[in-house]
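Here chain A shows up in two complexes: once beside chain B, once beside chain C.
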Partner chain A sequence: MFGDYSIGDLGSIFVMQGFAGLILFSVYVLMALGLAIIFGQMGVINMAHGEFMILGAYVTWMTSNFFQSYLPSLFSGYFFLAMILAFLASGALGMLVEWVLIRHLYKRPLDTLLATWGLSLMLQQAYRSIFGAREVGVELPQWMLGSLHVTDSIEVPINGVFVMGLTVLITIGVAYIMFRSRWGRQVRAVVQNRIMAGAVGINTAKVDRYTFALGCGIAGVAGSAFTMIGSTGPTSGQLYIVDTFLVVVFGGAASLLGTIASAFSISQTQSTLEFFMSGSMAKVLTLLAVVGILMLRPQGLFALKVRK
Partner chain B sequence: MNDSRFATRSELIGILVLAVFLVVILPLCLDVFRLNLVAKYLTYAFVALGLVICWGYGGILSLGQGVFFGLGGYCMAMFLKLEASSVENTKIQSTPGIPDFMDWNQITALPFFWKPFHSLTFTILAVILVPGIFALIIGAAMFKRRVGGTYFAIITQAVAAILTILIVGQQGYTGGINGMTDLRTLKGWDIRPDHAKVVLYFFEVGLLFACICIAQLVRHSKLGRILVAMRDQEDRVRFSGYSVANFKIFAFCIAAIFAAIGGAMFALNVGFMSPSFVGIVPSIEMVIYTAVGGRLSILGAVYGTLLVNFAKTSLSESFPELWLFGLGGLFIAVVLAFPNGLAGIWGDYVQPRIGKLMGTRKPKAGWTDNSVADGAPAE
Partner chain C sequence: MSDEANKGLLSPLRRKLLMGMAAVPAVTMLPRASFAQAPATSAVNTTGLAVTDTEVTVGILHSATGTMAISETGSIEAEKLAIEQINAAGGVLGRKIKFIQEDGASDWPTFAEKAKKLLVNDKVAAIMGCWTSASRKAVLPVMEQYNGMLYYPTFYEGLEQSKNVIYTGQEATQQILAGLNWIAKEKGAKSFFFIGSDYIWPRTSNKIARKHVENVLKGKVVGEEYYALGSTQFNSVINKIKLTKPDVIFTDVVGGSNVAFYKQLKAAGIDLSKQPLLTISVTEDEIDGIGGENIAGAYACMKYFQSLDNPNNKAFVPAFKKAWGEKTVIGDVTQAAYLGPWLWKLTVEKAGSFDVDKIAAASPGVEFKGAPEGYVRIHENHHLWSKTRVGRAKLDGQFELIYETADLVEPDPFPKGYQ
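Here is the complex of A and B:
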């Protein structure tokens, strides 16, 4: 399959496909970060994670429409406000969902799966009723359009670079919150031993609620970033949910570094394969490889040695 | 519960009531179109029945039952499609004698894995063996390494996604997104007219009761009790010297085979098979049938399937917007408020009242002594 290309062409192909893979990687990481907190840390299977992401995307879309009609002069910077709003909206919804639904189900992880699947169906229908069944696209500000010419055969889109930068920042932020802040220490304490954490004076119910909300909020930001590279429809979230779960499981559920590594390997494999065969076969081969490796190494790439 | 009995008296009455309902009442009350709809719903009841054993008793939640439903359905559909694509029927194609979708995709010879499906015996064996062996491989790979619970659910879900993408992508070999349509005859016997639909319905009900009997046997045998013990205290069962993995593999394979029989009946009753019954969404919907019926109740699975599907058909006919809200709400309500489903409501509220009216105290049925809420599998 390499025969028809010269060495130089192949180099460019790998760089371009690698870059396409990096954008996919960013989306995976952003989605998986929230899920790594909710599923990896709390053990809750949140099938509605994609819908929290789409909520962020719709918030971004509404913000961009608002800026276009009322504050066109500030339009070039709307995105930063939209991201904060997306975080708050998804986080608030997450908090509500935790209070109504999830907190009753911590002891039954498989049942959270069914309940959140039901929630995802309801959210999808709600989006369809409110925003319509058609996919919506966000108008990008001028400075995000176009692409950077690195060499004459390699060019990279600016919005992709922006999404990647954003991903790096958010990842560092999450790592800081989880591993360096007092609150992150409380979260990890509750996860490792709920009873002891409660005994030393941590309000475990409150920590649970805010952890869930944080995970959902990050999903919202992921949705916000997602609008820059794709259009948003009521069921867009569902397309990514299985992939995201695989990313988290493949990386080793409790490991943030593992999540990033697995998102990287999955997205790079898929986008490189996509060049040589149809998109569907590339996806099948990637998923098969992931499932195959998981069967041989069920604990994922980076397993934390925790006594259960 | 007595040892080695097929069913308690109340269960036997329950099976008889269901038999009367399916064999006498429904065929008398419904026209052929509606009866065919019931036949379609009942194909999902096979899946729900398998899930009762696998999920309710074994504690293994599989989100990939659509895979086995689909494999069974596709095996049957391949046989029917080959029969429908005889040389006389397909003279106008550039290559007569192969299925129409292959001709459209410029395939000129029948692929090797299609050839054995000329034989009905092979097809029937394949309907059972292909999904059974597939489940055996997945189950052995996962359970021997002690992967279970949520991880297993996610991986089965990924398998469902893979198979769907594969079927849709390989249009020339599988019919793609449209699936295999225009299935006509079974060994020369036309499956499309009304009287054939009625015959198929009764045949399906017969198969369903055979599966119910197998499920009852499993449940009341020592095997069934080990499954329940394993669900509640896996380590203790392992320390007692049982091979936990093998029991799990068995439960998963039985569920897969039941699902495959359902799929094959689906292809016969409905006359087509498509990837939309394989993927993640239908697989999870099949789980909800079991959950609504009561994940510990064999008969509840049948009632749950019928009820959810009737609700789906009537609601989505008249209020398409409301249906997803309804289904979503149903998921949440069943999980939060009624973890034992219809069977739980029956056992907790209806049966004691009937007992009071009759003036007798019936022994409590099986589902109350191992309800879900307290017996959740330990992770």
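Here is the complex of A and C:
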């Protein structure tokens, strides 16, 4: 299939395809991080993850409208504020949901699946009633559109670079919180042995609430960032949920490193295959490979050894 | 639920409509049925439909909830507007139209069940409804079994024809061929790259488009790609487009994927004012979500654009905005949905009866001169004769009309040589 093209053409396409893979990798990590925290640390299967993302997207849309109407001079920087607001909004909703719904179900993990699925339907209909059934278009500042012109034939999408940068920052942030901070130690202590953690004076209920809120908040930031590459509508969250679970389960539920490794392998496989065959075929083969590997290694790529 | 919803909508809507009615010449141009001449119910309704001396009931069956609500909301709005306007102009055979709205909830078995409810329990005289082909295919056996009449608004893949359905949207050849001819002539296009969502409509449409490109235009299809519904990552296929450098990108990507595709195309540095792109799946409704700046310059092949400059449309657009809000946009399918109640009314008056068999028989040849798209006529095969138009997307989310066929294009749901 490459006979007709010059070496230069092919070279630049492969460079751009490499970037496409890296962008897909960042997107996967960003959307899976929040879920990995909640699923990995708390064992809660949050089916409403996509809806928390879309809440972030709607917050971004509202912020953009606000800046356009009242502060047009600062419009070029609104996106940073929007991401912070998205984090706070999704995090606050997460905290509320944990308090109302999730905390009653910790002993019944499978029921959380059903409860959060119901929650996702309720949130979808809420978005539809509040923001309308149609998709909304989030206007971006000019500097975030278009591409970086590297050479005549190599162009790198700016929004992709932005998502990559954001993913790196958030991953480092999460790793720091989990493995270096006092609060992170408490979270890990609760995961390993809830009763003992309580006995040494950790307020486990509070740790749970903040962990859930953190996961939801990160989902909100991801949703905010994805307004650059995807759609914002009441059911847009559903577009991400399957891939998100795929990444988390394949990586091994309780492992941050596993999530990253799994996002990397899935995204690279998919983007390479997509280039050589059609999109749907590539997806089928990727999923088959994942199924195959999970049959051999049901615990996922990386699994923490936890005393059961 | 439906009756309450109707009442809530009717009164404010009717007031607004009556206020705006003076500005609707399209309506006043039409023959008015006066109440004094209303024929006896026993004469116009021999099959036990929900027709009284003063009222006739029709059904509206779309998804008001679920994924498809994004698309179907416009159709519901258009059908309600048409019914209001018909009532304000005197109704049908002297009877006011009352409607019962059911929610298909983006779920195909639900559509079939609700269609059966409308036909069997409510005895509606006609149903305006369905949007996706999947929902139409689910409803079709119900329509045929209980002898109902469905007015279906969406452009679709063709390969279907039924006594019990009037297709007010375009079938595939009506939508595609004239657009391909135009772009081949205007841009000297020889090579085409097809990209679509992976289901029946894009696949059938692209099959027809491929035959046309290869056999009639003597061009070449350099790529044909499908992505699962809901895909949000298109960077790989965009690289393939960059590598193959097609003269034209031909797309039928739908739903949320659409937004992702155009945003990523723009981000990858493909400038649609220099790289011709022809889409058959983006209307003003979709641009709302995509954002005008991401798609400006692209060509869309449709039969209606909100910006059309004709007297009917100049009355229709303000009436629609008055009823549903200043920011509402009107896409191709919304206009086609608006045709449904009008065509039904005109057919009932031609047949002089509400009976489904008589309406099915009287449909061919019915013409609607007040159509916002200009003029339409029903063909023997129950599809519409209508023009094909090409528009170019502008930054503000509207299309600028670039080309329209000189004559009405004949609907051909079973095209020879294209299968």
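One rule holds in what follows: the second predicted complex is superposed on the first by the 297 of 308 C-alpha atoms of A that agree within 3 Å, B and C clash if a C-alpha of one lies under 4 Å from a C-alpha of the other, contacts with A are read in each partner's own complex, and residues count from 1 in each chain.
As a working rule, contacts are C-beta pairs under 8 Å (C-beta built on N, C-alpha and C of every residue); 3 or more make two chains touch, one makes a residue touch a chain.
Computed from a predicted structure; not experimentally measured.
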item: Touched partner set for A:M122, first chain B, second chain C, both or neither; value: first
item: Partner chain in contact with A:P157 - chain B first, chain C second, else both or neither; value: second
item: First, second, both or neither for A:S271, with chain B first and chain C second; value: second
item: Chain B versus chain C as contact partner of A:S280, first or second or both or neither; value: both
item: Which of chain B and chain C A:H104 touches, first, second, both or neither; value: first
item: Chain B versus chain C as contact partner of A:R134, first or second or both or neither; value: second
item: Partner chain in contact with A:L239 - chain B first, chain C second, else both or neither; value: second
item: Of chain B and chain C, the chain that contacts the larger number of chain A residues; value: C
item: Touched partner set for A:V291, first chain B, second chain C, both or neither; value: first
item: On chain A, positions contacted by chain B and by chain C; value: 125, 128, 238, 278, 280, 283
item: In the complex with chain A, residue positions of chain C that touch it; value: 64-67, 69-70, 73, 198, 224-228, 230-233, 235-240, 242-243, 255-260, 263-264, 266-269, 285-293
item: Parts of chain B lying in touch with chain A, wherever the complex brings them together; value: 61, 63, 141-142, 145-147, 149-151, 153-155, 157-159, 161-162, 165-166, 168-169, 280-281, 284, 287-288, 291, 321, 324-325, 327-332, 334-336, 339, 373, 376-377, 379
item: For the chain A and chain C complex, residues of the former touching the latter; value: 5, 9-10, 13, 16-17, 19-20, 23-24, 27, 125, 128, 132-139, 145-147, 149, 153, 155, 157-160, 226, 228-236, 238-240, 270-271, 274-275, 278-280, 282-283
item: Chain B-facing residues of chain A, complex; value: 39, 43, 45, 101, 104-105, 107-111, 113-115, 117-122, 124-126, 128-129, 238, 242, 245-246, 249, 278, 280-281, 283-284, 287-288, 290-291, 294-295, 298
